[in-house]
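Input: structures, listed below.
Two complexes come next, and they have one chain in common, chain A, joined by chain B in the first and chain C in the second.
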Partner chain A sequence: MIDEQMAVFIGSGLRLAVPIIFAATGEMLSERAGVLNLSLDGMMLMSAFTAALASWATGSPLIGVAAGVLVATAVAALQAVLSVTLRANQLVVGIGFNILALGSTTFLYREIFGPLSRDPIPGFAQLNLPWLAHIPVIGPALANQTGLAYVSILMVVVTWLILKYTSFGLAVRAVGEDPRAADKAGISVAKTRYLGVLYAGILAGLGGAFMSVADSNTFTENMTKGAGYLAITAVIFGGWNPWYTLAACLLFGFATALQFLVPALQLDVPVALLLLLPYLLALVAIAGFVGKSRQPSALTIPFERGG
Partner chain B sequence: MAVLELSGLTKRFGAFTALDDISLQIERGEVHCLLGENGAGKSTLCNLVFGVHRPDAGTMTLGGEPFHPRGPAEALQRGVVMVHQHFSLVPNMSVAENLMLGRASAVLKPQDIIVRMEQLAAEYGLEIDPEARIEDLSVGERQRVEIIKCLLGDPQLLVLDEPTAVLQPDEIDALLAICRQVALRGKSVILVTHKLGEISRVADRTTVLRQGRIIETVAMEGADIRSLVRSMVGRDVQSAGSVLAAAVDIEGKTPAKPSGAAGPVSPGEAVLEISDLVYRDPHGVPRLDGLSLTVGTGEIVGIAGVEGNGQTELGLILAGLAAPSAGAIVVGGAQVGGCTPQEITDAGVGIVPEDRHAVACIKELSVAENLYLGAIGKFSRFGLLDKSARRKAAEAMMRDFDVRASSPDVSMASLSGGNQQKAVLARELSLDPLVFLLAAQPTRGLDVGAIEAVYNRIRAARDDGLGVLLISSELEELMAVSDRIAVIYRGKLVGELAAGSFSREAIGAMMSGHAHV
Partner chain C sequence: MVMKNPKLARVAQGARLELVPLQVLVPVVSTIIALGIGLLIIAATGASVIEAIEAFWDGMAGSDFNIGASINRAISLALVGLGFIFASRANLTNVGGEGQIAMGGMFATAAALHGAGGLPLGLAFIVPLAVGTLAGAIWGGLAGVLKAARGTNEVISTLLLSFIALPLVYWSVESFHLLRKPISDVSSLPESAEIPDSTKLPLLFPDNGSPLHIGLLIAAIAVVVVWLVLRHSSLGLRLRAVGLNAMASRRAGMRTSFYVILAMTVSGGLGGLGGAIMILGQQFYLTSDFSSGYGFDGLVVGLLSRGSAVGVVIGALLFGFLRSGSINMEISAHVPSAVVLICQGLIVIVIAGSAILTNRKVTR
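Up next is the complex of A and B:
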């Protein structure tokens, strides 16, 4: 009985962490290049909606994911134009995008899905990998995930490899620390930052699409519920390191999953408090860790070539 | 055969013409020095060649082909490399990572870089640990990394912008030797400097720039240094006084004691007493390690040292901008260590801070506002500001200290660096009470005329009985102005010389930690 509940808890914790892992991993790379995408939540929400719409219209969740990623990438491109080329304040731009995303997805959802909101949206099936299922306790939880969940972990590995072993990763780190030095070494600061932001957009798109076509198979208004902000927090909490960021995302995922575990164990804790927990945790993490870990020196600072 | 040919280059920034019709040829295998005062256009010229800026008029050719780099990337690709005054190294990355930046294949291959570094170490004697982090290296070592970075791509032309300004004497010798090595291998070197001693030791030819124009280009064999100085400053050597006396001191002799020596040279009672001062920075790194120093009334004490040995922190602590970890600072009998800037000012301490723009003035405010920044209450009537009284007082002060501005109401930012510094000096020297003045790098970025004015002010203050602590990275400046020079090394004073016994060699050796007197 307890084992079963633990399996459900671990399974849902992982599932809830996946969108944050996607978004945080992309955001981590973008921030290492010096661009903060506060619009992460908006990118995810737009992607979640577009994925649901495309999957519903075509019957293919794969097309849904592709459409979601495309839209999120387009938002990222716009973010990059504003914050890299036009050197707009990155925080203001991000907030603007989030409001736009919430408004437009809510409006379109009501216009398009309004009477059909109970229609199921074609989604991905769980893979049920037998070789994983044999691991005790966590095995079933690990095995009963959709393919996208495994992709999220793969993306953490890929991002780590990029940063550590490729010249693009080196350029990203240099541009985020000392864009002037990078520029004088012959690196295009703008190009590197564009790619960083687009990378964040693609991953945020995957995270958003995961929510609607792999996790819940539906779209609801404001369904990200601040997951993008949690992802940004996870990056800070994780000290701009891919593995620690992953750990922070898992922590947020499990904190969210407590809302299923605690009532099942018949503990007397208000559910509202449990819903609050991940955000409370994020606040504590930021208050405790910000300043302790060293952020990229040029984070949020637009680059302008000078003497 | 000319590697680089410039003809008719002009560069304007707004209404200011930084370079005006520059035509110049750099030959293969030569070390070509660019000589000029601050603001003469040397750095701008380098930045045009390296593609940082683009000229408004004129053409460049490199190896006979047209050369108009749209950015550093294109200049690098064509074999033009540059070591900037401010290093272009990413501080929290390793040496090898910095060297791979911008020139590596898709996947990083640290091993290739390490092999190449060993070759360069053998060819030029440029040795450095590839794994070391830039932020842990000394200034001289960082510069070596910069030069290695430049030589990796086997360039045609190496541009060095004021490379010796940050180095200690033995490092300068090593650098000049490297320049000769590079030229011997058929590459060309452009070396920017305002130090004549270096030019006569390394240059094949020298071009003198003044106010954005080329005054002359001369071959160094048999050239007359004094005529170069005249070209550089545009007037006779005698009139510029001790600055030039120091500047032409190419043999390393002690310059003649300046005229101010007529004032009181035997110090009176102690006005500043620092004992066992310890300072650890926020990361816990000790920056000052038991420093003790006394400055008497009517005495200028100079602090010599390679940057990063604690002199900046000493200045910050004296100004009340950092709190000492241990030790005592007494000014005129009052303990001021760890006091607020206001309390320190009240104790009679005037401060000319190292970072003029960040600390000494508020550039957006007017000259008058800056002059009375710490004394706003002085012009307050019933809580209202009496601007006309302040304006009048500011005008008088500007006249006294020769601060040239069209009116006290123009913004501080519109003044030249020299006039800004004169305004800062005016404010600090007008404090009442005033018993001690800290002048940290007071002439940094100023032209010869302004430098002389600052020196005269400091000497006059000394003659009026003030104790002065002069922190400077310019040895010539310290030798020209100080009554006594103390040398700081790794947060401690390691030696002291009295006026008359100053020698570049002795001070240089102490600065690099090689000798104790």
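Up next is the complex of A and C:
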């Protein structure tokens, strides 16, 4: 009985972590280049809606994911124009995009899906890998995931490799720490930051699409429920390191999944308090009470040549 | 640099004069563009634009009741907006209005239900207002303390504090030992009992059916006080100095941490007052999502105003009436009120994007 509930808990914790892993991993790279995308939640929400719409219209969840990623990347491109070229306040622009995303997805959802029945939209099937299922306790939870969930872990590895072993990764780190020196060394600050933000957009798009076409097979209004903000806090919690960020995402996923486990175990802990747990953990983390981490020096500071 | 050439000096002065209208022009133009796009969207849905506008107008100002309700909305938005510009005077961005409203409303409800009801001389509603203000002040001040003591970015901390406050409100209306009303045969919704009549804010025009309450006077006083403090006091100057250059201010002998905490506390307190007024003035009982959207609306109002208290009043009235109108538009013309969210998002993005026009120097 307990085993069964643990398996469900681990499974739902992982599923809740996947969108945050995608978004946080992309955001981490963008922040290493000096751009904070508070619009992450908006990108995810737009992608979740677009993926649901495209998957429903074409019957192919793969096309859904592609469409979602495309839209999230478009939002990221706009965010990049505003925060890199126009040197606007990155945080304010991000909040603007989040309001816009909430408004437009809610509006379009009611206009397009409103009168239709709540049929599930076409989504991905779970892979059910037999060689994973044999691991005790966590095996079934690990094996019964959609392909996209494994892609999220793959993206962590890819992002780590990019940052550590490629010249682009070196440029990202240089631009985020000392844009003026990077500029003098011949690295284009603007280009590097654009690519960083677009990378964050692509991954946030995958995370958002996962929510609608891989996890729940439906779209609901404001379905990200602040997952983008959680992803940003995971980056801070993880000290701008890909592996620690991954660990923070898993922690947040399991903290969120506790709200299903605790009532099932008939423990008398209010669900509402479990809902605020990830945010409380994040607050404690950014207040610097957990470990010592240093943010990229040029984070959120626009770069202007000369002067 | 001293301008020796009088012609050049005049040109320079002209450029300076031009900057002032631009501060006004940008918010006005972006609002008009956003509303225009909103109308286009309504037209694109196939709904009758005329009908939508009529429903919109009716909801905003169709009757004494609707006008009063719109202004009541504007009161809370204005208080959150004032809080925003107060913090931004010290170059702090308080985006946690939602959480500060939530804490203010929750503690005001608790005070009104437990103890304040029997107090004489108007204290029955003054005490809950004060308790709500205090709750918001603590919630905002917490971000100030984290900023001053640990260097924590206040944007992230105020956001997180909002995400912590909202479940707390949910918890309080879910739990019988907190604020949830006892289950009766009529309803068992997770909400608080209605506050006693004596704790409700007195109406300004009790005879004509308008819900407009004395929160209007409180907000008016707050506008004047914030304007005086920010523009005409040494405190306003010090906040500005700390915001512009903390290091120089510290060398000049100012306790910068004190001003950072003060700015965030006052900012949060104004949000808490706004939340308390929402409960005591119009809603009368606490629900888990009573603050929904007001925090971000107040934030947008603060942004639009570009630091001016008068601008906050105009912005708050605009958004108060917009919200009332959009609700009625959804009910009678079947146009989703989310259109107004789209407009708001566009306004924020356009204004933030045009900062390069209005600020010659990029603020860091």
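What we mean here is this: the second predicted complex is superposed on the first by the 300 of 307 C-alpha atoms of A that agree within 3 Å, B and C clash if a C-alpha of one lies under 4 Å from a C-alpha of the other, contacts with A are read in each partner's own complex, and residues count from 1 in each chain.
Definition applied: contacts are C-beta pairs under 8 Å (C-beta built on N, C-alpha and C of every residue); 3 or more make two chains touch, one makes a residue touch a chain.
It should be emphasised that the depicted structure is a prediction, and the values quoted were computed from it without experimental measurement.
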Task: Partner chain in contact with A:Leu206 - chain B first, chain C second, else both or neither - done: neither
Open item on the list: A:Leu86 in the overlay: touching chain B, chain C, both, or neither? Say first, second, both or neither.
Closed with: second
Open item on the list: A:Thr166 in the overlay: touching chain B, chain C, both, or neither? Say first, second, both or neither.
Closed with: first
TODO: Please indicate which partner A:Glu304 is in contact with in the superposed arrangement: first for chain B, second for chain C, both, or neither.
DONE: second
Open item on the list: As a test of reading the superposition: which chain, chain B or chain C, is in touch with more residues of chain A?
Closed with: C
TODO: Kindly classify A:Ala174 by the partners it touches after superposition: chain B alone (first), chain C alone (second), both, or neither?
DONE: first
TODO: Tell me which partner A:Ala76 touches in the superposition: chain B (first), chain C (second), both or neither.
DONE: neither
Open item on the list: For a test of understanding, state which residues of chain B touch chain A in their complex under the given definition.
Closed with: 43-44, 47, 52-53, 71-73, 76-77, 82, 84, 86-93, 97-98, 100-108, 149
Task: Complex contact set, residues of chain A against chain C - done: 38, 78, 82, 86-89, 91-93, 95-104, 106-107, 110-111, 226, 229, 232-233, 236, 270-273, 275-276, 279-280, 282-283, 286-288, 301-302, 304
Open item on the list: Residue numbers of chain A touching chain B in their complex, please.
Closed with: 165-171, 173-174, 177-178, 180-188, 294, 305, 307
TODO: Report the residues of chain C in contact with chain A in the complex, numbered from low to high.
DONE: 41, 45, 93, 95, 146, 150-153, 155-157, 159-161, 163-164, 166-168, 170-171, 174-175, 296, 299-300, 303, 336, 338-349, 352-353, 355-356, 362, 364
